[in-house]
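Beneath this line is the structure, given in structure tokens, with notes to follow.
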């Protein structure tokens, strides 16, 4: 695609939280040069006003999200509200056919039209290559599919976290995917900058509040798709996200029935085998459990696996920064693979803590 | 026990969080007069120094936790570390046989010696009347057992929350107790004032962290006992508490398999029937889910019940203030019942929010 | 005004944070019965939906804020956006001339038309009796003016906190009011439920952010008015509020130059004299400083006074719950005085902590 | 000192918050290789257990803080409790005379023995080169003194923040240093991992609490020293830190009297002149004020300058990450200058937000 050493990158939806995180990561990426930044209501505004933490871009201004503005870029990241990516990606593809397009929205994630209609609605768009390199797909990793890809769908943050937590067990047959329960403590940044009363600081501070209870959260079909991809057949999942007072982070407490006759060592080895060579998905030593604070700003998923013999369930707890590895980090990591760059370029394995 | 209108109350362990909350509630109780306050390392210290929010008692001093100090009181609340209540309660009972003793520790909660040995260890103490008035016991309520009681075991905060969440479904046979999953977002005040590194503000702020993962939390046998009391036979529970950055509160996301052939209306009516007459346990209207912030300082459990048809699970979410209804409120409510006072005396149904 | 024992109370703006706090307090008030609750966009909605922490009123519905709806009430609390109280209070006064009206907005606080024009603008409304009973006015207390009052202006939360912190020193002549500096750590609930991006939880969590910097905050003229009332002549104040991640609370760090030749004991005695008989304004023992967490839900101001000899400044730190003593508590306390009820009726001196 | 491209770095006190932040930054530094990590009570423990966010070092173990362990390193960072650096630095200097030693403690910051005795006590140690490159010293910058330095004293986080905020005005003569007032909202990580009751999450969450009130905070003489260095003569400062519920961050609200006859434009130009060429100290556009959240993990100080004509004060607000630019970032930046590396190597100007 490019014979120089630096790729020119555009970001659509650069005024939001996901767009801001993509920019934060790309600002430290050795092979990237940041091109056009587009927005909607903030067109013409200084980046320093809207994303004041991005000091290296403070003097830049947001432009309009018109397809023409993306001409001349090697990579375009779309961090747009669901439904918008589908429209614009076709237009960009026509204007700049060589361009690598990475969508951080949901528009290109689902294979199943019915699931799309049920959970999202509106026009269905063709699925792109799913941007979770470490995900087991059968006995291989999704990484293989990302090499040289031109259209990538970055994952939903909750979905990729739960999928990474459970696919090793599904793939190895040590857990039963038909009765998965996942309860997630999540920070409000996952909901973006939407001006909703329940996202006001006064409501979130000092309180834990669930939402999308009872099987209606949009990340459910995405999880099911991933677990099926790992070999699960009858996948059922009870999924409950709980907003807690931290700006970033997902702590996913996932469990599934232990398959009959499987011992704890076999369970653990399924996860060890899956992730021992991965830098960004790490299984903690036995007895240590992850905290979201350890992953802030990092492209890292931390995980523990525990067998509860009495409850006959395997409990997998995964911590992640929803904006970093959950969204923007996964997108940049996927870009690196697609472009043949070192997979970890621009990405940190270490969190900003405490 | 007393023919006047005011009872004289002693609190042992008055320097801790649970003891402080008992005092806060009793300070506004129309029939109580606060007597001796005892502590351990804070003996001689002003209450205003150790519990600076208790302005009405700021000039009082902590005394020693010796049995003699409790003579002359009508009621003694024990808010001591586990293992301590057992010792002192015998001595108090001898010195003041008429006294109502309410233990907020675990020493008198469990019926099952084996469960005690496995989860706590040390001397086993006889179980006292369990202080959760609204709990279904068979088809009756625990309230009946509290009338006139002289020895009361206030509940574990997590345990009573999960028990109240699930017993209506167990009792009505609409859920299966053999595969319960409970994940709780909890504030650190439940752990008391212990000086542990993981309870430092720097560690908790901006982070969610699980603990006691995989079937080892001490509240598990207490939950099992309550669910069995409601008619459950084979009770298995996967229980995971997650510390989140709020000082108070428990948001318990509980689920259990839907019994075959039961419809959503039947499920809901189990909880409606159980709690429609209760002031302190309230089922929210369909579609509304509880937040812990709404219960701060209140003696209230808020609950939602949702049937997830696809996952074939009933999801019950309960919010509570762990120090209030979870501990001190339950203790005072139980005292009110035992003494024949109005059950809600001194207790607020309304939370301090936002 | 009334020869029964219970007063019928209406609350306008009952869907907001201040209105909610008035209702929370009145729900536990022995001499009050809650009448009409009015709102704007939430008319017809259940209280349980909008103020879900107010369980005792969950079944009630909001009505329209028309003057007629207030007929038949003994007391009307106005918790309306600034500018609205002025309009409606005249209409109510005509319809119900005997009614006690307490405005929690700014419309009736300022005496000085020029200050009104500069900081607020729009129609000026006559000042009502200022609802801070403990405030020194010359050598007397504002309490005297509240007895039998029919029109009361509850204070601005920041303003009353700073005024209570500094008036003893101004009145006693031990500090110089011409170079006051006040920096306040404040929770976002003071800004109400406004849907502004800077009030989103993602922005507030983990961050401290100043606003209204450099002499433009609307509470400045209110503070100046109070300090002048205490005897100050040339009052100048540098005032900076800083939003911090706690839902409630004001921690006001105030300082002013020590008057020449005054020693530390004389300084301290100014505050001791002013507040030793007050239950709701308490000077902490030397060496102890207040935290806002100790005042949550309480009608209490906690204060420390420290002389910094080297800096030649007196530092007064005051902690308060902005919604309670800062607004709704002050309003109810003022109502109690106006009606001849016990001043502390329905009000708690103890905070909900931790 | 070294003719290769990578320097070998040791960190003493690597188990604490400051030590951890040094390691986080060095892990991404292109010219550094991390050598020995020493601790006290954690000797032998895995880094992954104590600093679980430092995934790239998780397999390393802490060694003992004996001078011999530092032989063979090019740079040693000391992140030790005050009083410990003085002892060990002499021993290291003897064993490895060429070594660059950077002390993050207070032992080598103060020039004035009397100030040391008053605020710290114990043995006085010779002052080292102060590690705040952007600080005005007379009309030059401290950067010049750091070039080629072999002994560097990293600043106190509060001290450097206030010093950077005020020195431009002192140096230009537009503010009067004899009546400085600084009130700081600070996160608890500045206090380290000390197990103190007031640092427990339950105490910090939902609360703002001052400490070291009235002229006793140890950073005061350090600020005075810096302001004198910038040309101030009679420096007096009222300094109050307020703990707020965020793990990291300092929001310093500083003010000083406006010098007679100086206009707002002249004031602003003093700060513009001082910092227009600095990448890590940035003056925000007029009307924008900094938030600490924008600086998390960054080596950046954000600042606003406002003239309050009525109060006759200049208000300077500065936001910083206490662990990053406040401590570890300043230390690494100083190392870069001392070693002749690019000043910003390994340091990020962009914060992790929201």
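Read from first to last, the chains carry the letters A, B, C and D; within each, the first residue is number 1.
One rule holds in what follows: contacts are C-beta pairs under 8 Å (C-beta built on N, C-alpha and C of every residue); 3 or more make two chains touch, one makes a residue touch a chain.
Each chain and its UniProt protein: A, B, C, D = N-acetyl-gamma-glutamyl-phosphate reductase.
Keep in mind that what you see is a predicted model, and the values were worked out from it rather than measured.
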- Note on the structure: Ordered by label, the neighbours common to chain A and chain B are C, D
- If you tally the C-beta contacts, which comes out ahead, A-D or B-D? A-D
- Item | Chain at maximum distance from chain D, centres defined as averaged CA atoms | B
- Message: Can you work out the whole-Å distance between the CA centroids of chain C and chain D?
- Response: 38
- Distance from chain D to chain A - Cα centre to Cα centre, in angstrom: 35
- What whole-number Å value describes the gap between the mean CA coordinates of chain B and chain D? 45
- Query: Residues of chain B touching 2+ other chains?
  - Reply: 17, 189, 202-203, 205-206, 245-248, 290-291, 293-294, 296, 353-354
- Query: Across the complex, what residues on chain C touch chain B?
  - Reply: 17, 20, 24, 27-28, 46, 48-49, 51-56, 58, 189, 205-206, 247-248, 282, 284-285, 288, 290-291, 293-298, 300, 302, 348-354
- The answer for chain C against chain A in the complex is residues 17, 187-189, 193, 195-197, 199-206, 245-247
- Message: Under the stated contact criterion, what part of chain D meets chain C in this complex?
- Response: 179, 181, 183, 185, 202-203, 205-211, 213-215, 236-240, 242, 244-249, 251, 253, 255, 257, 289-294, 296, 304, 306-313, 315, 317, 319, 353-354
